[in-house]
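Can you read through this structure? Questions will come right after.
Note that the chains take the letters A, B and C in the order they are written out, and that residue 1 is the start of every chain.
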Amino acid sequence: MTNSKYLVPLLALLMLTMFPLVQFFSNQNYIIHLLLYAFFYIIMTSSWNIIGGYGGFISIGHNAFLCVGAYVAGYAAVRYGISPFYLIGLSGLVAGIFGFIVGLITLRVKGPSFIISSIALIMIMRIVFDHWDLVGGASGITLPFNSLPVQWSKLPHYYSFLFLALAAIYLNWYVRHSKFGLALRAVSHDETRSAVAGINVKMIKVTAFALSAFLIGSAGAVWADYLTYIRPNMFLVILIAANIVLMVILGGKGTVTGPIVGTVIFILFNEIILTFFGATELNILLTGLLLVITLLYFPDGIVGSLKNKNILPKFLDWG
Amino acid sequence: MIYILQVIILGLCLGLVYALMATGLTLIFGVMRIVNLAHPIFILCGAYVAYWLFVLYGLDPILAIPIAAIVCGVLGAIVYKLVFEKDAGSQKYSEMTVLLTFGTAMILDGTLSFFFKNTQRVTSPSYATDAFFIGDIFLPTAQLYSGLVSLSLIVALALFLKFSTLGVAIRATSLSRVNAELVGINVKFVCLFSFILGCALAGCAGSLVSFVFSFFPAKHFEWIAVLMSLVVLGGMGSILGAVTAAIVLSVLASLVGAFLAPSWSTMVFFLALFVILLIRPQGMFGKYLS
Amino acid sequence: MNDVILKLNNVTAGYQNGPDILKSVDLTLKKGEIKCIIGPNGAGKSTILKAIAGILRPRNGNVLFNDRDLVGLEAYEIMRQGICFLPQDRALFDTLNVSENLWMAGYTLHDKKELKLRIEEVLTVFPILKKRLSQYAGTMSGGEQQQLIFARAIILKPQIMLIDEPSLGLAPSIVEQAFKHIEEIALTGVSILLVEQNARRGLSSSHTGVVMDLGQVVFEKDAKEVLNDERIQELYLGKRKSK
């Protein structure tokens, strides 16, 4: 039984790493797309969880950092012809610094004020990007296609996202079990008492925020290349942020595996809805409904609720 | 010079409409400590009620105000019973309820989108294209009417809160739930009543909005940020503060729109919010929520 | 003087999921009686008042007010029965003015003419307030706030007043004034249940004294006897042991 804690994740990882081999036999691009889409959202939810779950700062504007990362990579790709894959680190860094500056301002307030400021951030960026001619304004940037044959064309993104997702999950685990994470959770409970205990409250908060911005920004670079064109209204819409929040809360915020579970379940749920209803406005309705129901009846999320009842499978119990 | 004056007056009229939009939100926050992100979608519901009454029956949007108010009030009561009643008084009240209201907003947004699609709509009563002239100043009738109606509704609300027993009970509850209960106020009833009143005010604002702005379901996301900036700036829970903030920012936004570009004008609201966070981080929020 | 107006049977209570703070407490209060509860911090003194007022719902037992069980009623319903609770933090509405505060105190009174009369009546008892009618309650001095609290308390002519730490954070002269009001109110037939950290001061204005510790009533005696009891003096009144 104890081995299953390591066995199941390792097995899953092995399968995911090997999965693209099926491309030798038949073109499974759609499944690959779904998987990399899931990795992509796991990066975002896990990063969000650092500041939203452990830190208690609920942001409905984290897609701002995705946008920054995507635009850094997109701009460099078009202007200097550098492949976005070389710019993953740089995009992340720029997004991280941007997050650091934003955090210095918005993390001074908490609770509802913070949530509102995160929405305002998206609105401001939307106006700025819509008017910013250097990066194409409202019509955005078109990136060069990659030249790989169609059944291999998604693989660079697949492995980049897989790698980044692992990094995000590891970072989550690290934050959960490190002294830094302990301080962060202390801060989320009571800032004054944490300060009295010798914690540099401001730095802890802002660092956590920048860290999560960094990871999301890195993912933005890959996402920009995957989409091949980027426009402000693809990133700076509240629905993406709402999805992130919903996935984390569905899985269980403040847990290591919660964001993963929430993301996988939500993407499956979304697929089912798309199959039955097609892409309609009902999508946003059902997302809202799921969010309300989760908040009302399982505020601790799936992982949190199972943990409370002591029936959480071992391989999901990473703290 | 005349042009500037003109822009200011137009900003003032719009500011009064924004003020009306913000009062309901402020009322709900003051009493229940709920930051109701669903408020803008209630405004949109009111706008749709006025729109369809006008298109189908030719009813003037100003006369449609009571109907929009009732529809939104009833909707508010249903939402309150289903979503908020269970949660009242729980530990994680404020943060989780913000997400709850957000979910509610998405549900209503999806419903409206499903029925009305993303078509831009605007009610066009006969006076929508008229204008008054005072000297050289040109005053579109629609803006003027909406401003005046908003003003009178806000004054009526203020008088109600100031002088009626229920109004004072609402203010007492917003100061302290426990103390209100100790003088025998049925706090749960006051909460329900305030929520319904707030939503009804959103409905009123919606009717006016229907002929001042063009609207479509996803419009409410923009309003969320605009209205929140007003409420934060005005000092959460203070109706007078929200009204003042609305008028000042709206005039500023009109000036920006006139001299820079119309699409930059909403920036004023969002930047104001950030500036407030920078120079007075506790906002006025700190008073209640720290 | 001997008819029991409030009776606690076996009341057990605690906060949220925490342990029991009150453990099977029995207590009675007679008409016109001033009863002072003393005891160390954490003994459950304030919790008793909260359990009676309905701010905290007892887990077990019943609270009989004129033979009617109050357990399970909402706080505002209990207040409407004729019980008045003055919590530690004063319970004034800081940014309502004095007249609105008085008005709210009579919120449950449906006869508004009667309310006006009673406010007039109360203002003759507390004439200072008459000059302050349009001032915000939060901006008044401690002594004036004190008067407003008692003025508010008697508007509804309650049968029982529950008072939590009337002396907390007040200057000595104002504490004296507060106890004077308490004694006067009791003379009109109101029963008063008092929790007081300053045990000596509380007991000297009371008829009976109750000593509590660890969530239970240790004993109950005539207030003067409690004051003079050597064991009590050592344990709770802070007098040094005489050799």
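Just so we're on the same page, a contact is a pair of C-beta atoms (placed from the backbone, for glycine too) under 8 Å apart; a residue touches a chain by one contact, two chains touch by 3 or more.
The structure displayed is predicted, hence computed values, not measured ones.
Participant: Between what two chains do the most C-beta pairs come into contact?
Facilitator: By number of C-beta pairs in contact, the leading chain pair is A-B.
Participant: Averaging each chain's C-alpha atoms to get its centre, pick out the one most distant from chain B.
Facilitator: Following the centroid criterion, the farthest chain would be C.
Participant: Distance from the CA centroid of chain A to that of chain B, rounded to the nearest Å?
Facilitator: Roughly 32 Å, centre to centre.
Participant: Taking the mean of the C-alpha atoms as each chain's centre, how many Å separate chain B from chain C?
Facilitator: Chain centroid spacing, chain B to chain C, equals 43 Å.
Participant: When the C-alpha atoms of chain A and chain C are each averaged to a single point, how far apart are the two points in Å?
Facilitator: Using C-alpha averages as centres, the distance is 54 Å.
Participant: Quick one: which bits of chain A touch chain B in the complex? Just the residue numbers, please.
Facilitator: 56, 58, 60, 105-106, 108-109, 111-113, 115-117, 119-120, 122-124, 127, 130-131, 237-238, 242, 245, 249, 280-292, 295-296, 299
Participant: Using the touch rule from the top, collect the residues of chain C that touch chain B in their complex.
Facilitator: Answer in residue numbers: 53, 55, 74-76, 79-80, 84-85, 87, 91-96, 100, 103-105, 107-108, 112, 152, 156.
Participant: Considering only the defined contacts, which chain B positions touch chain A in the complex?
Facilitator: 35, 83, 86-87, 92, 94-96, 98-100, 102-111, 113-114, 117, 217, 221-222, 224-225, 228-229, 232, 261, 263-264, 266-267, 270-271, 273-274, 277-278, 281-283, 285-286, 289
Participant: Going by the contact rule at the top, pick out the chain B residues touching chain C in the complex.
Facilitator: Against chain C, chain B makes touches at 165, 168-169, 171-172, 175-176, 178-188.
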